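Below is one structure. I have some questions about it.
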């Protein structure tokens, strides 16, 4: 079955489901899996909130409200607020995963991997391999990524290329509520450590999300738009932008495939290559910084494995090689815009 | 002046200099710059050794002996042994760099970035930009990288793609003693944080290294072999392997450019593109894991900027997407070998 | 202790400036004039000012995400700060930093830091510079109660002792890390005793009493300048607002803040003390209040009129590869 | 305390096994049969064994780079270990781990760890599993004197107290972290008092006295199993060899090790105590010595004969993307 076919199957199944936000979809996935599996726990800073205070419990439910309501249902034993010590949080999640639990640990901002990167890349990621297959480390690290909220240089990074580089980790980047729910359920049930990256600017976006639990397998891209003139691969918050560009071009009779890999490790190479074989033209839209990025990764795969089909240079539309500026004016320029995507597409079509 | 020309100038200047090891060359650069500039200090674990013990001072001079003899000359005030607390070490180096010193901090193994990554990527790397150009952070982080010593999964990584991804950092990877000295002097004098990666298996390699101080500018590749049939870009310990393959092919009349970028951030795109324009064929040899790697980065640059010259797919010869195995048998398979490089080259020549 | 009038005026003016800067930040944030995440520090003025009144421009401080007060206390230009948090081109950091990244190296302000526990390792470095270069300068890091458990902070405490660095660790215990109480997040009896167990003198002080802070800090500053190494201080203080502007503060008790404002307002306490002792007159304080209010008005006015950064600024102040 | 004969025999056998395993590792390393970096733990046997004699297979331990002794004490197969450190396919970790990554989850051995300070955060997680799943199991992390200052360890101490985890932090103070003395690297008075300041009971014990370790640990184990939360123990112990095999040990005093071997050898002390008290006969000990020596001989023999991993193993036990 081709990737296009796979993707379409799923899309049809969502017809006439209730509309939910990305935030609600993730919350629902967590709740459903916690009901189904008593070994699933949540831990992190403010995942409930209010511990040791005179006011309300569940005061935050996560600073973006994603875990709201889970502590009241499952108790502080399973929704664990922690001190501000990310190495201790992620390390505990990894050790708990080794010994019978399925922890979902939250890093409030993925930028905080700096203070716990060892636990992720040297510990959790490597146990299975370096212990000769003995270890299972079924844990999820949820974190928010991305610019667009003027959160400044230390709260606005993507950083997914850093974890996609690391063997032993799986990396998930849902671009919409439907995918977020299905991928979260797969992430929790996966026996390897999974990095689950939620883009801050997507929390309030909505789409149809079935009430019943469902999973979306890792390594299967979805086709958001279909067309054989050009292939646009876009990730996370860049997907809606790529879609918008594709819609605009469609009105001019230019047909673009818009591919959302949904998981970047594993990556659905097949879907990308299949499309490039048809179109011969590839634009990759990635909000991360450009060097050693996922955009570079995908370009390198295409030029290695679909070389003869290529009819034009491969274009990466990314952030510049700079930190994220605070100023909203500069930050808008920092993120790949619809204009820049469109321009890249047009250049390739003319090449 | 083309890159090829630049590279040759340097090579001639090294004629008839004394032969030194990579280890000695780095030691000499550090010593010379510490003599010349009283603000240069060294800090890290065992950079001298013997602190608080009944035995000798300078008991190690670094676990690979690179800083041996510096403490006796410059004293414990400028060659500072530290506790095993990498965040404190790198953070102190960054803060010292902001306030008048030029610290050279050592991470014994670059694998230890996991416990101090925040200090590197969120702090040191970002000060200049996020403070609007006010901060200067002239620091060097020296660290050993690479497999080949059966040091196991947590002491054998490359990880240079992780830091090359980060804006604000410069990343240096010398492949020989001559470059190591000249690049170290440039690194210390640079006003940005520089990651200086020394491959464990290169310490005992030798070449001619002039006694007097000299610098090699960042962002200038060197051409190790010249030829227009194929371009081989290789890094760090992969350079000697690429050279060996080029020499073997040369005996068959196949002429390869072997390009050693020497610094990967900044990267001498010009040199690579210039060569690819001639050869139309590119192999990149990178000991790092493949995903979002420097190999991918370079491939993506070539397909974006030298597309019309390409006559074959671009091949990456890298480690597999696995942790580094301990077993020497497996570890040999893990690292890109001359055989694999040669095979990739031959495949492209036939393509 | 005997206080000069100028000193008292400066202390009051600085605390008042912080108070009004923060209160106005809330207003301007709500008006949509300040983007991003903003953490105000009103209630904690006495800690920042009681500490920084001991420092010169060549001493350095490292701050937190809640850094406006520290910045003002260390002498940063208030107008430049207001421009910065509004993201303007003429802000202290050209609009690239924002509220969580205000820095002014000329004033020894090494930066607010959006990573909890960010300042202590860096301030060790600044202290090391002073020591290595043979200067008498000292470094002061600010850390919250929540941040006090972060590994970077704990490592920094040890290194400061080992290298005998002129570094004062100021822990501001405002009882909360976001919506979590210190009684939950801190396993230790208190921050001071834990810091003290790392091998340095550690003290506790009422952080809402400017005079107590100033006097407690004095010994630590002297020790640091004289080569006696680091000190930790835990200041018991209060956060008058939410964790960030817009925080509904569900975790607080009803009337908690009202009570704190009544009983533990460092400005009220200061005013009572200085007028009670006859050191300053109420009218003098009122004049300062007015001057500060004018300054803040002007800051907002100028900031709102200041230009946005030029698009070219996106790629300056950093080496850009491609 | 009253000890059963079987208990004493097991304790002695285990300590002796560690001793001979380590001594033989040195020989085989020097012969070129063991690749990589190897850190032996002879001298520290009483800590590993005195601790692990309290544990069952469902309790877990987390270890360090110097993990052979902990592994043997926790019941890992000695032959499988020897194969592992020789990198063989039938080693405990299929030759992929090596000396610094021996693990055996069936025995509750969660892994040696080549990152200093690696175990404590992970052991919090194991303790959390036990607590959440309502088991009586406990977790024990081992950390060196050098590692005790690592931020990960210090954070873990706090979290263990906050969550009241059944976790014993065993700090093995062998006086050195590589070639640096603890008196230099540790700013605190000692490891125990600093750990205690995090809010947990903390004790010190002579780590070369098996009985002292066993008895000190007993209380901590009981407390952990009974829901009383974590404990820290600092064991004063000795490192008979260099940091790694091949270390010239220039930082040591002349005759230092000779003296330690004479005065602080935990095996000698054990033998003296059990024979002195009439608990075991010298002849019984000798028999054990011989049995252990035979076991180690067999381990080396089998390991040398064991196959190298198949090339296909390079890409198994991990999800491989490309």
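Going in written order, the chains are labelled A, B, C and D, and every chain counts its residues from 1.
Note that in this section contacts are C-beta pairs under 8 Å (C-beta built on N, C-alpha and C of every residue); 3 or more make two chains touch, one makes a residue touch a chain.
What you see is a predicted model; the values in this text were computed from it and never measured.
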Reference chain A; chain at largest CA-centroid distance: D
Rounded Å distance between chain A and chain B, as computed from the means of their C-alpha atoms: 32
Length of the line joining the C-alpha centres of chain B and chain D, rounded to whole Å: 36
Centre-to-centre distance between chain C and chain B (centres being mean Cα positions), rounded to whole Å: 40
For chain D, residues contacting two or more additional chains: 93, 95-97, 101, 113, 115, 149-152, 155, 158-159, 162, 184-186, 318, 320-322
In chain A, residues with contacts to at least two other chains: 82-83, 85, 87-88, 111-112, 114-115, 118-119, 122, 129-130, 152-154, 167-168, 265, 267, 291, 301, 320-323, 325-326
Graph class of chain-chain contacts, one of line, ring, star, complete, other: complete
Residue numbers on chain D that touch chain B, as the complex places them: 35-37, 87-89, 93, 95-101, 113-117, 146-147, 149-152, 176-186, 249-253, 256, 308-309, 311, 313-315, 318, 320-322
Residue numbers on chain D that touch chain A, as the complex places them: 60, 62, 91-97, 101, 103-105, 110-111, 113, 115, 118, 120-130, 132-133, 139, 151-152, 155-156, 158-159, 162-163, 316-322
Chain C-facing residues of chain D, complex: 149-152, 154-155, 157-162, 184-189, 193-194, 196-200
Residue ranges of chain A in contact with chain B within the complex: 87, 111-115, 117-122, 125-126, 129-130, 152-154, 161-162, 164-168, 265, 267, 288-289, 291-297, 299-305, 307-308, 310, 312-316, 320-323, 325-326
Residues of chain A that touch chain C when the two form their complex: 45-46, 49-56, 59-60, 63, 81-85, 87-88, 111-112, 114-115, 149-155, 290-291, 320-323, 325-330, 333-334
